[in-house]
């Protein structure tokens, strides 16, 4: 049995639900032994294991320490979801002053001990494998677990939502409905869920980190603005789901 | 059209791994038993399938050995990614794998008869050239002088260390080894294997070169060979691209207008010169 | 380029839409149990799939196509859907092998495939695209070969008015057909349909449905329309030879390709909608007790293309965009024994979400030489 730890930082537990979904498969349960998973097991001590799944981004000093310790206990670490990989929705607060942010939510902000930044997992420890998504696609996790148990990994495919959209036989909604869609710059994996329902992709799997330059982002954003999308909304979306890359491309138009 | 009867070319032969030889920290040679009389030219490759994970193109790293009803083939595999990882971790003596092939053209063993031969191999690039050496050894009278230039990043990464010295016993054969970096006990050349081209001892008017290694090493090799006086049409290189099918249908191995899997992997340099220096073509 | 005089050797017949209906009816009886495939309306969007009657087909609409833009309006000049016969012949996802953990094959034959297919109403560009796919895949790709062999009749709808994005007269692949079809028809106006036979089956259909020979005036307006369609398209691009020459000269012009692909995001839509693109990735879909080796359309504009363990042979997007263009215009002819990889359908342009225009790219390459 492969020993597994499942942990979370700042996040919504949506990805962890998918971990639970994966564990409903009997062939997977037969091969993996989860020894730490605070949402499910009554164990609060981390022990040595082969694998660790981590959800969420780092927003406190404590989390950073926790993560480093976790990393030292395992051979192979998998980052789950947009928070862990790109920052996640909590990155929205990065636009404001941290003290103001605290004040708007908590009556006694001085008790809130958080970092002024939001750190993706790979900015603190080495990540061996990433499963993107918000939340991740449970079937991608199932596939990973089956392949890992066979000794291998899923063959990496780097494409965007458009690939899945076309393979699903969906007429492009930018082209046919003049509806905004972030598909061309968003990492694939969701199966083109939104375009399937006639709605634009809003980038929840995160910006693709390959092939992207400022010119290209701008070209798409220009196109979307042409389709009458509010620039402020676009900016918020990119911050929320792709903070890590967006901050690098900051000089882009929005 | 009788084509409806086309047999599925993606079906593979089931094969048993009978032995594993450790070559380097990240590389093993797998000796695989095929229950048939299987033949292949030096430089050809098989698609090796690992259950649930995928197929990878791997050169035959020795001449197929016929043993009555079955054949033993060698594949030297370096761990790099999704599928090779599983080969390293999970495939051992007694394991099964799927094998389809042989594919590709292989080295022009017929055409180069009577010529002096310079073999230039870098790292894992020795794998497809090893059968060439064995083939020449078995048919020594058909070929001229042979110079084997082989290098790796460090001595530990050289493959077939247990038999390299035996190559020098083949009549009229010279072996030049290199390591990119100095290492304890290393008495051979320190530097790039391509530097060794300077020291080849062949009749340049009648010599051909066979080159395999990382693309950048092959680029330097070609420059040096040309400088040395080799003609474009006398240099052969084994090319690499992402490969998913091995049979010319998936389109992913294209290099200019060539499909590496079926038009190659071995190319005469003069045939690909127009593409070779264009980055990313 | 197709010359009108060459066409004039073929006898033309005239009828109404109702005759087209009868043609379909006749074929249904002639090939009992056959599946009819063509462009069809699905949720008021044209796709490629099974058609049961003329009313499934986009016969009462016209498409407006521009770079990154597609719209249907009432009319009778339908050109193309984003989907082409490729959707049937080489589906976006297809299983190539099922394997058990003991490396045994689990029913590797796919019996669910239709065994008789009539392609009905496909355009000349798409017919030529099938010839290109044939040259690469037939006899080699098991699924394509099987599906292609199931096609027993091909009925072509010729275009008498190209869309804004079309340029088939430049690539020599339309709008009229010369060979490789059984029956072709063109819509002279809303209700008048001109027919011509391309095979003995075509002749048989014409005879069986009692179509009358077209009158002089109809013949004349048909050829006029063809000529007009071709001349409209011929102004859209330089000659093919000039394009190819310019491409050859600019293979190494890195700067040019970077500029041309500046706005390309590498999303791959152009490749997916292209009727001649055939690239696939092969992945294992592992289930509890078996795995399905599945081929998935891939695209040379995406980052996966050229990626290898520990490196990338086409790391920058401009290299992949360049391959897309070079493959279509320079490499396919060498791979197929002379067939161009581009059939001028314009889909890559219409369906590029960024609106990148292939024609513009080609014109710029030619201008670079001039």
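Letters A, B and C mark the chains in the order given here, with residues in each chain numbered from 1 onward.
In this section, a contact is a pair of C-beta atoms (placed from the backbone, for glycine too) under 8 Å apart; a residue touches a chain by one contact, two chains touch by 3 or more.
Note that the structure is a prediction, hence the values are computed from the model and not measured.
**Student:** So how do the chains connect up here, line, ring, star, complete, or something else (other)?
**Tutor:** complete
**Student:** Can you tell me which chain is nearest the middle of the complex, judged by mean CA position?
**Tutor:** C
**Student:** Roughly how far is chain A from chain B, going centre to centre by Cα mean, in whole Å?
**Tutor:** 41
**Student:** Distance from the CA centroid of chain A to that of chain C, rounded to the nearest Å?
**Tutor:** Centre-to-centre distance between chain A and chain C: 38 Å.
**Student:** Send over the residues of chain C in touch with two or more other chains.
**Tutor:** 281, 283-284, 286, 298, 307, in rising order.
**Student:** Give me the residues of chain A that touch two or more other chains.
**Tutor:** 146-147, 150, 154-156
**Student:** On chain B, where are the residues touching two or more other chains?
**Tutor:** Residues 51-54, 81 of chain B each touch two or more of the other chains.
**Student:** Give the list of chain A residues in touch with chain C in this complex.
**Tutor:** Residue list for chain A touching chain C: 25-27, 143, 146-147, 150, 154-160, 162-163, 166-169, 171-172, 174-176, 181, 183-185, 208, 210-212, 215-216, 219-220, 223.
**Student:** Quick one: which bits of chain B touch chain C in the complex? Just the residue numbers, please.
**Tutor:** Answer in residue numbers: 1, 3-4, 6-12, 14, 49, 51-55, 80-81, 84, 96-98, 215, 240-242, 244-245, 247-252, 254, 256-257, 259, 274, 278-281.
**Student:** Would you mind writing out the residues of chain A in touch with chain B in their complex?
**Tutor:** 146-147, 150-156
**Student:** Can you tell me which positions in chain C touch chain A when the two form their complex?
**Tutor:** Contacts found on chain C: 45, 47, 68-71, 81-83, 87, 92-93, 262-269, 272-273, 281, 283-286, 288, 296-299, 302-304, 307, 317, 350-351, 353-355.
**Student:** Would you mind writing out the residues of chain C in touch with chain B in their complex?
**Tutor:** Listed in rising order, the residues are 96-97, 99, 101-105, 108-109, 136-142, 144-146, 148-150, 251-252, 254, 278-284, 286, 291, 293, 295, 298, 300, 305-310, 313-316, 318-320, 322-323, 326-327, 330-332, 334-335.
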